[in-house]
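Labels run A, B, C, D, E and F following the written order; every chain starts at residue 1.
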C-alpha cells in the first residue's frame, strides 16, 4: 500500500472536489488544501464540520501563501490543520508515494 | 528526488500555472530535480511569447522560460492541445518545445512523483 | 416603450455586476473589477454584488506576497471615488463563511437573499463572471 | 419590475451555481438549464427535489441540444420542464426583460 | 430586437463559445439583430487565427469570423484581456478587432438584451 | 528500493486516469481520453476511473448533432482494443444521478467508494483532469 497526498485546490462552497476527496481518501492519507481550497480550513465556516469529521483519520495541511493572499491570517483555522509554505508542499509530495490532484 | 509537473491551465485565468511555478521553484531549492514540465489542455498557453501582462504583474511565460533555462528543465507543450488553441512555432517562447502526449506518459514513468496543477 | 429605448444622452440603464468567485484562484474577480471601473465613466446606474465566494474579493488583510500575484484588493476602495456607491453583499454568503461586514475592506450594504433578489430583479443588464 | 430569465450552465452535482440561482431568483422568473446545467433536469437524480421544490413559482426550461449531446434523450426529465432548442432559447431571451447568467 | 453577446471563455476548453455561437446563429435566423459580440477573459482566444482543430472538429475561430462577415457583426476583443494572454494584431483573425472595455458597456447600453456565456 | 526505480524495460508503473467531469461542457473528458489512448502504447498498467459527473462521459445514446461538437463517446469502445481493461465506475456517483451500469456504453467494473479508494491507493501515478 502506498501513502497518498491528496491535493484540493477548489473552494468547498463552490465545487464538490473536497467532498469527493473526503469520500474516496483512504484512512491515513494526507490532504493539502491550496488555492481556493484553503477556505475549507476556516474554523467558523459552514464547511468546517466536514473536515473536522475526518481529522481523526486523515492529516490536513493548508498552504500558507494562499491563506495569506485571501486575507485569512486574521481568521481562525481549524485546530490541528498544519500550515505549510511551498517548501513544505514539496516535502509533503516527497514524503508520500503519490500525489493525487482532485480536479 | 525526480519530480515531474503537469500544468493544465493557461496563465492568469486560473492560479494553476502560478502554483506550479512556485512549487517548481521550491522543489529545486530543496535539491530535487524537476526534469520536465508538461503543458496540456489550456496549459499550452503558458508558452505564448506574445503574452504581455501589465508592468506590475508577473509574466508567467517569461518566468517559466527563465526557470527552464536556469535549471535545464524540459518545457514540453502538447502538440494536439496546442494546435487546437493556436499555439505554434511562430508564437512559441524560446525554451519551450512542442511534442506529443507520449512525453507526459514518459514523465510519469521516469519521475518519482508527478504533480498535477489544473482547474 | 421603456425609457432606455429613446435616443439621446439621457438614457440611463441599471447595470449590475455580480461577483460569485474568490480572488486569485481565478482572474474573474480582477477582470470584473476592471469592467466596473470603466463602466463608472458611462453615467449609467451601476451596482456591484458580492455573493457566494465573491465576498472574499473584499476580505480585509489580503497579502499576496508569497503567491507572487498582484494584490488588487485596495482598488475596491476606489469604487467610491468613481461614484460606484451601490455595493451589496449577501448576508447568507457571509454567514456560511463565518464572516461579518467588519471583515470587509469597504463599507457595503449587507442584504439578505430576499432583499437582494428584489434588487436583482430591477436591473436592465446583469453581468456576471 | 422586470421579468427575468436565469441561465444556469453548470452541473448541480459539481458546483453551486444552481443553488445560488434558486436562492436568489424571484418568484415568477424563468430558469433555462443549458450545457452541464441540464443534469438538474433529470427526474431520477438526487438533485431533482431542489428543482421540484421551485416548480410552483419558477418556470423551468432545458436546452434540448445539450440534453441529447449528454445521452439523456432516454432518461426521464422532471415533469413540467419545457425542452427548447436554440431558437426557443432566443425566444426566451426576447420574452424576458433581462437574462442573468449564473457563472 | 437588438441582442448583444459576451463570451468569457476561449474555444474548446469550455462550451461557452459554442453555445454563444449557436445562440447567435439562432437569433439571426429569428430576425433579431446581433450587432456586437464582445470577447473577454479567455474569450479573447476565440480570435486566434493560428487555431487549427482536427479536420473533423468545428473551427470556432473561423465560424465566428464567417458569421461576423455574413451578418455585419462587430467582433470585439478586449485589449487588456488580450495583451495578458498574447492575443495581438499579428495573430488576430480577419473580422475581429481589438478595442477597449468601453465597447462592452456600450453593448449593454445599446442592445435590448445582453447575454453572457462563460464558465 | 521500489521495483520501478530499477532501470530497464521491465519497469511497469500503475497509472490511473481519473475522470470527474462531464463531456462537452468542458474539453477535459476528450483530452483525457487522448492521453489514455497514448498511454496504452507504453506497456504500463493503466486503469481509468469515472466518478462524479465523469460517469456521463460513457453514458449511452450521446447525440451531439445539434450542438455542433464531435461525439467522441464511441472512442471509449476502443479502450478494449488498446488493452485498457481496468475501467472503474463509482457506484455512489451512478446512484446520485439515477443511472446504472446498463446506461453505460462500455462494460465497466462498478465499485463502491470504499473499494475504489483501495484501488486508488495502490497506484503509482494518478492523473486527473
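Quick notes on this structure:
Simple rule for what comes next: contacts are C-beta pairs under 8 Å (C-beta built on N, C-alpha and C of every residue); 3 or more make two chains touch, one makes a residue touch a chain.
Since the structure is predicted, the reported quantities are computational estimates derived from the model, not experimental observations.
The set of chains touching chain B and also touching chain C is given as A, E.
Each chain gets a centre from the mean of its Cα atoms; the one farthest from the centre of chain D is B.
For chain F, the chain with the farthest CA centroid is C. Centroids of chain A and chain C (each the mean of its C-alpha atoms) stand 29 Å apart.
Our note on geometry: chain A versus chain D, Cα centroid distance of 33 Å, whole angstroms.
For this pair, chain B with chain F, the centres built from the Cα atoms lie 24 Å apart. Counting only residues that touch two or more partner chains, chain F has 20, 24-28, 52, 67, 69, 124-126, 128-129.
Contact of a single residue of chain A with at least two other chains is seen at positions 9, 13-14, 16, 35-36, 65, 85-86, 98-99, 101, 103. In chain B, 8, 12-13, 15, 19, 22, 41, 54, 57, 114, 116, 118 are the positions where the chain touches two or more neighbouring chains simultaneously. Chain pairs that touch, as defined above: A-B, A-C, A-D, A-F, B-C, B-E, B-F, C-D, C-E, D-E, D-F, E-F.
Those residues of chain E whose C-beta lies close enough to touch chain F in the complex are 12-15, 18-19, 21-22, 56-58. Considering their complex, residues 18, 20, 28, 51-52, 90, 92, 113, 116-118, 120-126, 128-129 of chain F touch chain A. The touching residues of chain C, when paired with chain A in their complex, are 20-26, 52-53, 56, 59-67, 69, 71, 73, 95-99, 103. Chain contact summary for the complex, chain B toward chain A: residues 1, 3, 8, 15-16, 19, 22-23, 25-27, 29-30, 32, 113-119. Remark: chain F residues 4-5, 11, 13, 15, 27-28, 31, 34-35, 38-39, 41-42, 44, 124-129 touch chain B in the complex.
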